[in-house]
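Listed below are the structures to be examined.
Two complexes are shown next, each including subunit A; its partner changes from subunit B in the first to subunit C in the second.
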Partner chain A sequence: MTASSAALGSRRTVVTTALAFVRRNGWTVALVGLLVAFLAITKLLQPNYGPAGIQGLAISILPIGFAAVAQAIVVIAGGIDLSVGSIMALASVTSAVLMLNNDDLFGVGVVIFVLLLGLAVGAINGALVVVTKVPDIVVTLAMSFVWAGAALLILNTPGGGAAPWLMAIISGPLGSPWLPKALIVLAVIVAVVWIPLRRSTFGLAMYAIGSSPLAALRSGVPMARSKIVAYALTGFFSALGGLALTATGGVGAPVPGSYTLQSVAAIVLGGVSLAGGRGGVVGPIIAVIILALVRTDLFFAGVDPNWSTAVQGAILIGVVTFGSLVAMRKVRA
Partner chain B sequence: MTERRAARNRAMMVRPATHVGHRGRRKEEWQFMKRLKMARGLAAVAAMAIIAGACSATPGSSGSAGGAGGAGGATKYTIGFSNAGGVGNGWREAMLCSAKAQAVKSGNVSKVTIIHRDTDAPGQLSDIRTLIAQNVNAIIINPSGPDALNPAIAEATAAGITVIAVDASVTAPGAYNLSNDQEQYAYLGASWLFKAMGGKGAVVYMRGIAGHPADTDRDKGFQRALAENKGITIANTAVTKWDPVTATRQINDIMSAGTKFDGIWTSGVDSNIVDALKGANHAYVPIVGADNAGFVTQLLNEPGLKGAAVTNPASIGGAGVTLALQVLSGKKPASNTVHVTPELWSNEDDAGKAKLKAAADATLPPTWPLGLTIQDWTTYSKPELIACKGPGDA
Partner chain C sequence: MTVVAPELLLNATDVAKHYGAVVALRSASLAVRPGEVHALMGANGAGKSTLVKILTGGVRPDRGTILVRDRPFVARSPAEARRGGVVSVYQEPALIPDLDVRSNLRLTQSPIEATRHWLAELGLPELSLADLVRDLPLASLRIIDLARALAIEPDVLLLDEMTAALPANLTERVLEVVGRQRGTERSVIFISHRMIEIAAVCDRATVLREGETVGVVDVTAGSENRIVALMLGDIASDLPARVAAVAASANRPADVRPRLSARNLSVGTKLSDVSFDLFPGEVLGVVALEGQGQDELFDVLSGSERPSSGEVQVDGAAASFRHPADAIRAGLVYVPADRAEALLMQRSVRENIALPFSTRFGAWGPIDLRSEGQKVDAAIKTLQIDTRAASEVRRLSGGNQQKVTIARWVAGGIRTMLCFDPTRGIDIGTKQQIYALLRDLAAAGTAVLLYTSELKEIQLACDRAIVIFRGRIVAEIPVADADEPTLLRAAYDLKPDAVMPEELAAETMSAEAAGAEAAVADAAVGAVASQAGSGGTQ
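Right after this comes the complex of A and B.
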C-alpha cells in the first residue's frame, strides 16, 4: 500500500462515480451536449452573437421554462395538464391589474397572492380529476377554457402594469455579462422548490403513482392526495410562468400564447416519460433553451418560414425517437 | 398480516386502506387498471397531436445574406422587420412585400430579415431581441401593444438601432411612429355608416386584435361617431383578430342567433362578411370595410350592396423602410409620429365610385389591400410589390 496506489484508488472512485452519474442522468447529459452544439451553431451562423443574444434568450425562455417545470411535475405523477397556458394568462392578468399604480411592498403581496392563486387553481384541477375520474386530459382541456375565460373577465385587452422591481430582477446580467439574471431566477426558484420536494415522502409518492399506480395503490400510497398536490404544484409553477410573462412585457395579456403546447414539447425532449414516473425538471429546462435556439438558428440561417416549421417538428421527433431507441437497446442488453 | 400492513402504512405515512376482503379488493384493482389504460391511451394520442402542434411558431427570413457595400459604394444597411399577428391576412402580407420592394428600390439596403408569426407580446419581445442579436441597422415593428414592447425597443435604441413602429404607435421614447391616422379611419367609416342607416338602428361592431394600438385608436374614433349619433345602438361586438376565418364564424353565429342588425362596421376583414350575408340569404345592410381587393369588387358589382371602403395603405411597410433610411442617413423627421390621412370611397356617390373603379384590381387575392403605394414614401411600382422580392432574393 503506497501513497500512489491510494491516489489511483481514489481517482478510480471519482471516475466510477462520474460514470455512474452519466449513466443515471444519460438523457440530461446528452441534452447538455446538444445545447452546446446548438450554441456553437448559433455562433457560427451569427459570429457577433454575444452577451446581448444570451440575455435576450434567457428572458424569452423564462415563462416557457416555468411552464415546462409545471408540466413535468404533473406528468411525472402520471397526469397531464392542458390548462398550463390558461393558468399563466390568469396569473399574468391578475398580477398586472393588482400591481398597476401600487407601491413595491404591495407588489410583493401581489406576487404571494398570485402564487397562492396558482396553487388553488391547480388543486381544483387535481380534485376534479380525482373526484370525477374523467381522464386528466379531458378535465384539464375543459378547465383550460374556464381559466382562460376567467382571465378575459379580469382584463379583456392587454393592460395593467408590473412593479418596477419585478421587471428589474429578470433584466440585465449579474456579475459576468454572460450570466443573465433571468436564468439565475429560474434556476434558484426551481432548485428551492424542487430539491426538497424530490427528497420528501411526497416526492417519492409522486414518482410511485406515476410509474405504477397499481403498485402504489397496493403499497398504500395516498393516491388522491398525491395527485391533487402534484396538480397544485403545477398550478404554482404555471403562476410563476404568468408572473414571468408580466415581468417580461410589463403588462398582463389575457390571451395565452402556445405555452401549453410548448411545455409538452419541452418535457418530451427533456426526458420526461409521458407514461409517468420518469424524468426530472433539469432536462425540460435545457430542452426549452434548445427549442428556442433551434428557432433562432433557423432564423439566422435564413430558412424559408414554411420549411422551418417542418424542420422544428422533425428535429423534435428525431431526437425523441433516437433517445427511445437507445433506451430500448439498453433494456435488452 | 394486519400488523404488517399497519406497519407498512405507518412507514408510508398514510391512513389505512379502507377496503377489506380479497374479492372486493381485486375488483377495485381491476376497475382501476381499466380506467388507467383508457386514460393512458387517450393521453398518448393527445400528446402526439400536441407535439405536432407545438412547433407552429414560424420565424421567417427574406433575402440571402447580401454583403455590405455594393453598387456605387453607397452605404448599405440591413433592416429587420417584426410582425406578430395576422398571418394569412392579405394586408399584413402586402405590408411585408411593400417593405421588401422599397428596400430593393432604395438601393441602400443589403438585406431585409423578417420575423412573421402569430404570437403575443412576450413572443414579439423575443423576436425583436433576435433581430438585435443579428446586429441589423434598423428594426421596423408592427407592434402588438403600445407599451409591452418597450423593454426590447429600449435595448435596440441603446445598441444604436433605429426603431420604427408602423401601422400603430408605441410609447417607447426612442422609437419613430409611422401609421395611418387610425382614429380618423374609424370615425370616417362609422360616421358614413350611421348616416347610411338613417341615424337609427343597431350596428354590428367587428373589431381587430384586442390591445393592438391601431384597434384601440379605431375604437376611440368609432365611439366618437357613436356618441354623435344617439339613435344608434350596438347589436354585437366581435373581436375578429383580423382573421378572415374567425370573422366569418362570428358573423354566422350572430345571424344564426337571430340578432337583428341594420349595419356592419368592420375593421378591414370585410369581403368575407359580405360573402357570409349572401351565403345565409340575409338582406344586405350598409357595411364599412377597407380598400381591400375583394371588398372593392363587391362594392362595384354586387347588386343592392351599399357600402364604403376606407383607405388603410399596407404600403406603410415600405414607407417604414423609407423613414428608417432617412433616419439612418441623418435626416430625422420633425416629430417622431407621422400620420397618413385616410380617405373614404362610398359606392353611393359618383366621386367614390370613380375612386373605387380606379383602384379595383380583380387579379389580386381578395384580402389584399389596394393602397399599394403612398406618394412621397414609396417609389416601387405595383408589379414590383406583387413580386414580393427583397434584396438578394432570387
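Right after this comes the complex of A and C.
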C-alpha cells in the first residue's frame, strides 16, 4: 500500500468514525444544540449575561450534576435509585460536621471517608435489591427514609462547615474567565471514573444487565455482583453530590430536597432509557445545565417561579416525546 | 488436550426433574461420543426442553449424573455450564441488544479473530463488528451466536433449533459447518424439527418420550420412521376416543358460507401464504410443531398483530383489525394457552366472566347487575365451573381458570372462537369437559379454530385438521385419518410412507447450495421432498 492511499484510507476512517460517532450519540449532539440555543436565549433576555452568570450556573448545577451521573449509572444497569437525594444529604452533613474546625489534611481524609461511605451505602442498597428481590423502586424508596433519617440524626439543622480548600476548588474560573472551576471539577471527576469504567468489562456488564437480563445471564455475566457494584457507584456519585452541596453552601444540608426526582428528570432528558441499557453520563450532565438554564431564562423573562417548574415539566415531556418520534421514524425507515 | 480420547464425551444417566407433582423428566439419559453430531428428539412435553435447560445451567436436576469428559458436570448458570465444557446456542440469541457486536464478544471473552473466521465460514463475511446488535436481523444474530460458540471451541456444542428463522442459504452453511465437527474431538447436540436436517448431519439420535429416553437410533436411510415410532410409543391413549365422530364437513350443505376465511396470510418470514376456511358448526384443528407460525396466525386472527400481506374475511367480507377489540366486535374471540394473559387474576370469577359483555353493553352507565348475574350464572352452570374459590380467580385450578376464559365468551354469546392450546397443563378430567364443550359449541353453530400441541386432541375434538410447517399449510387431514402417527409425520412434513434415501437427502443439500436466493432454495427443498414422497411408494 502506498503512502498516499494509506493517508486517504485513514482520512476516510476519520470521516466514517466521526459520522458513526454522530449517529451513535445523536441524542447527545442534539442536546448540545439545545444547550447552545438556550444559552443564546439567555444572552438575548439578559444582554449583560457573561462570565459571572456562567460561574453562578456552574456552581449551582454541581450537586445535581453529580446526582444525575449517579442516577444514570444505576438506570443504565436496569435499576433505579430513589435514595440519591438522601445519600447526598447524609454525605453533606457527615462532611460538614467532620470538617468543622479541623485542618486541611483532615479535610482530605474526610472527603475520602465520605466517598467510601457513599460506596458502602450504595452497596447496601444494591445488596438489598439483589437479596430480597423486592422491586428496586420499593427498596430504594424505603432506604431513602433510612438515609434521610440518618442525616438528620447527625445534624438536624443546616450547620457544620466546609474546609476552605474544598470551597476554593469550585469557586472562580481557571484560565479563561469563561471556564468555571466547578464545571472543570465535574468534568474531570466524571471522566476519571466513567471513561475507564465504560471501557472495562464491568462497564459492558452494566449495560448488558440493563439491556437484556436474560441475554446477560446467558452470556455469563455475574448478575448479582454487577448490580451491587452499579448501586455502589451510584452511592459514590451521590456522595460526591453531597460533598458538592457542602462545598457550594459552606454548610451541611440535612434535608434531601428534590434532588432525587430532578436526577431522574435529567437522565430522561439526557437520553438514558428508563428501561435500562441505553445512554451515558454526558447527556444527563448537559440536560442538567439545560434545565438550570430554563429556570434562569424564565426568571429573566419575569415568569412567576411557580409557573416555571410547570414549564420545565412541559419541556421535559416535549423533548422526550419528540425524541421518541424521531427514533420511531428511524426504525420505520 | 486429553491424551486418551474418552469413550463418551458427554454421559448423562438417569436424569430426573420434578416440579411439584408434575414430572418433567422421569429418567433421561444421553450419551454423546466425541466427534459426533447427536440429535435430541421428542414430541411436545417429552422433556426435551427440560433436559436442555439442565445441560445449559438453567435448571438443576433432582437426580442423575452428568459427566463431561469423565468429569462431573454441575451447572448452576450458563457461565458454569460453559466452564464445564457445554456451550449452547439458544433459540433467542444471547446477545445484548444495546451493545455492538465487538462489545458482545468482549463481554463473553470470546476470541475475536476466531469468531470472525467462523462468521465468514457461516456466510456472513461482511458483518461489521461495530454494528449495534439491535439493528441486525434475527438471522444474523443467530449466526453471530453460533460463530461465537464455535470460537470458544467447547467440548459439547448444543444447538437448539439453530436453523429456525434462518433463510435457506444460511441454513445450508450452518449444516455444512456442523457436519464438519464430525470426526473431530468435539461433539454437537443438534435439536431440530426438520427431519431432513437430522438426516443430513446427524450420526445418532436420542429419542425422549414422557420424560424418558426410549431409544437411541443410528441415523441412516429410513430411520425417520423409527424415530417417529419411538416418539409416539404404543398409542395406548389414556383418553377415550370420541365416539360417533360425525364429521360436520361431510354433511355440510354446499351453500354454507364460511364464518372465517384466511386468504394468503403472511406475517414476515414466520407465516407465508396461509389460506383456509372455517365453517359454522365445525372445529378445525391446527397442528404444528413449536414455532412454525401458528402463534403469528392466531395473533393476526385475534387482532394483536397485522398481517404483512393477505386478508382475513369474516362472513365473506374483508376485515381489518387494528386492535383485539376490533376482532371481538367481528365475533372472533380468543382463548390463549396462558390463562394469565386473559384473566384478571385478583378479581372474582363473576367479574371475569362479566368483563367482556359489561364493557360492551354497559358502556359508561351503571352495570345491569341482574341481567349480568343471570348470564354469569348460566355460563358457570354450562361450564361446570367449581365456584368454591370464586372470589379470586388465581386461586382456581388451571382447568377451572381455563373454563372461566371460555365462559366469559359463552356468556356474551359466541360466534367464532379461536383456541390456542387451551388444554395446556390441565388435568385429564377437565380436558375432557373442555372437548365436550367445544363439541357442544360447534353443535350450536359456533365455528371453532383449535390449535393444540397434543395430537390426540385432534381426533377427540375436531372435524378436520390443517398442518402448518415452516409457516405454510402442508396438509389438510379429515378427522378419520388424523391419528397421531399421521399427524406427527405431517407435522414433520414427511410424506406418507416416504423413506428419504440418503442420496436424495444429499441432493436436497446440493440443491439448496445451488439456489442463490432463499426462495429458490426453498422451492428446491419442496420439490425434492415431494419427489421423495413419490419415490418411496415405488
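Rule of thumb we're sticking to: the second predicted complex is superposed on the first by the 316 of 333 C-alpha atoms of A that agree within 3 Å, B and C clash if a C-alpha of one lies under 4 Å from a C-alpha of the other, contacts with A are read in each partner's own complex, and residues count from 1 in each chain.
The criterion applied here is as follows: a contact is a pair of C-beta atoms (placed from the backbone, for glycine too) under 8 Å apart; a residue touches a chain by one contact, two chains touch by 3 or more.
Treat the numbers as computed from the prediction; the structure is a model and nothing was measured.
Undergrad: Should A:Thr201 be classified as contacting the first partner (subunit B), the second (subunit C), both, or neither?
TA: The answer is both, since A:Thr201 touches subunit B and subunit C.
Undergrad: Taking the superposition as given, does A:Asn48 touch the first partner, subunit B, the second, subunit C, both, or neither?
TA: The first partner, subunit B, only.
Undergrad: Thinking of the overlay built on chain A, is A:Arg278 touched by subunit B (first), by subunit C (second), by both, or by neither?
TA: second
Undergrad: In the overlaid three-chain picture, which partner chain does A:Gly323 touch, first (subunit B) or second (subunit C), both, or neither?
TA: neither
Undergrad: Thinking of the overlay built on chain A, is A:Gly26 touched by subunit B (first), by subunit C (second), by both, or by neither?
TA: Touch status of A:Gly26: no partner.
Undergrad: Between subunit B and subunit C, which makes contact with more of the residues in subunit A?
TA: B
Undergrad: Please indicate which partner A:Ala215 is in contact with in the superposed arrangement: first for subunit B, second for subunit C, both, or neither.
TA: Second partner only.
Undergrad: Going by the contact definition given at the top, which residues of subunit A touch subunit B in one complex and subunit C in the other?
TA: Shared contact residues on subunit A (touching subunit B in one complex, subunit C in the other): 201, 205, 214, 217-222.
Undergrad: Which residues of subunit A touch subunit B in the complex?
TA: These residues of subunit A touch subunit B: 46, 48-50, 52-53, 55-57, 59-60, 63, 80, 82, 133, 135-138, 156-159, 167, 171, 201, 205, 213-214, 217-222, 245, 248-251, 253-258, 260-262, 264-265, 268, 274-275, 292, 295-296, 298-306, 308-309, 312-313, 316-317.
Undergrad: Quick one: in the complex, what on subunit B touches subunit A?
TA: Residues 5, 8-9, 12-17, 29, 32-33, 35-36, 38-40, 42-44, 46-47, 50-61, 63-65, 113, 115-117, 119-123, 125-126, 129-130, 132-135, 144-145, 147-152, 155, 159, 210-211, 216.
Undergrad: Which bits of subunit C are touching subunit A when the two form their complex?
TA: For this pair, the touching residues of subunit C are 77-79, 82, 88, 90, 92-99, 103-104, 106-109, 130, 132.
Undergrad: Sort out for me which residues of subunit A touch subunit C in the complex.
TA: 20, 24, 201, 204-205, 207-208, 210-212, 214-222, 277-278
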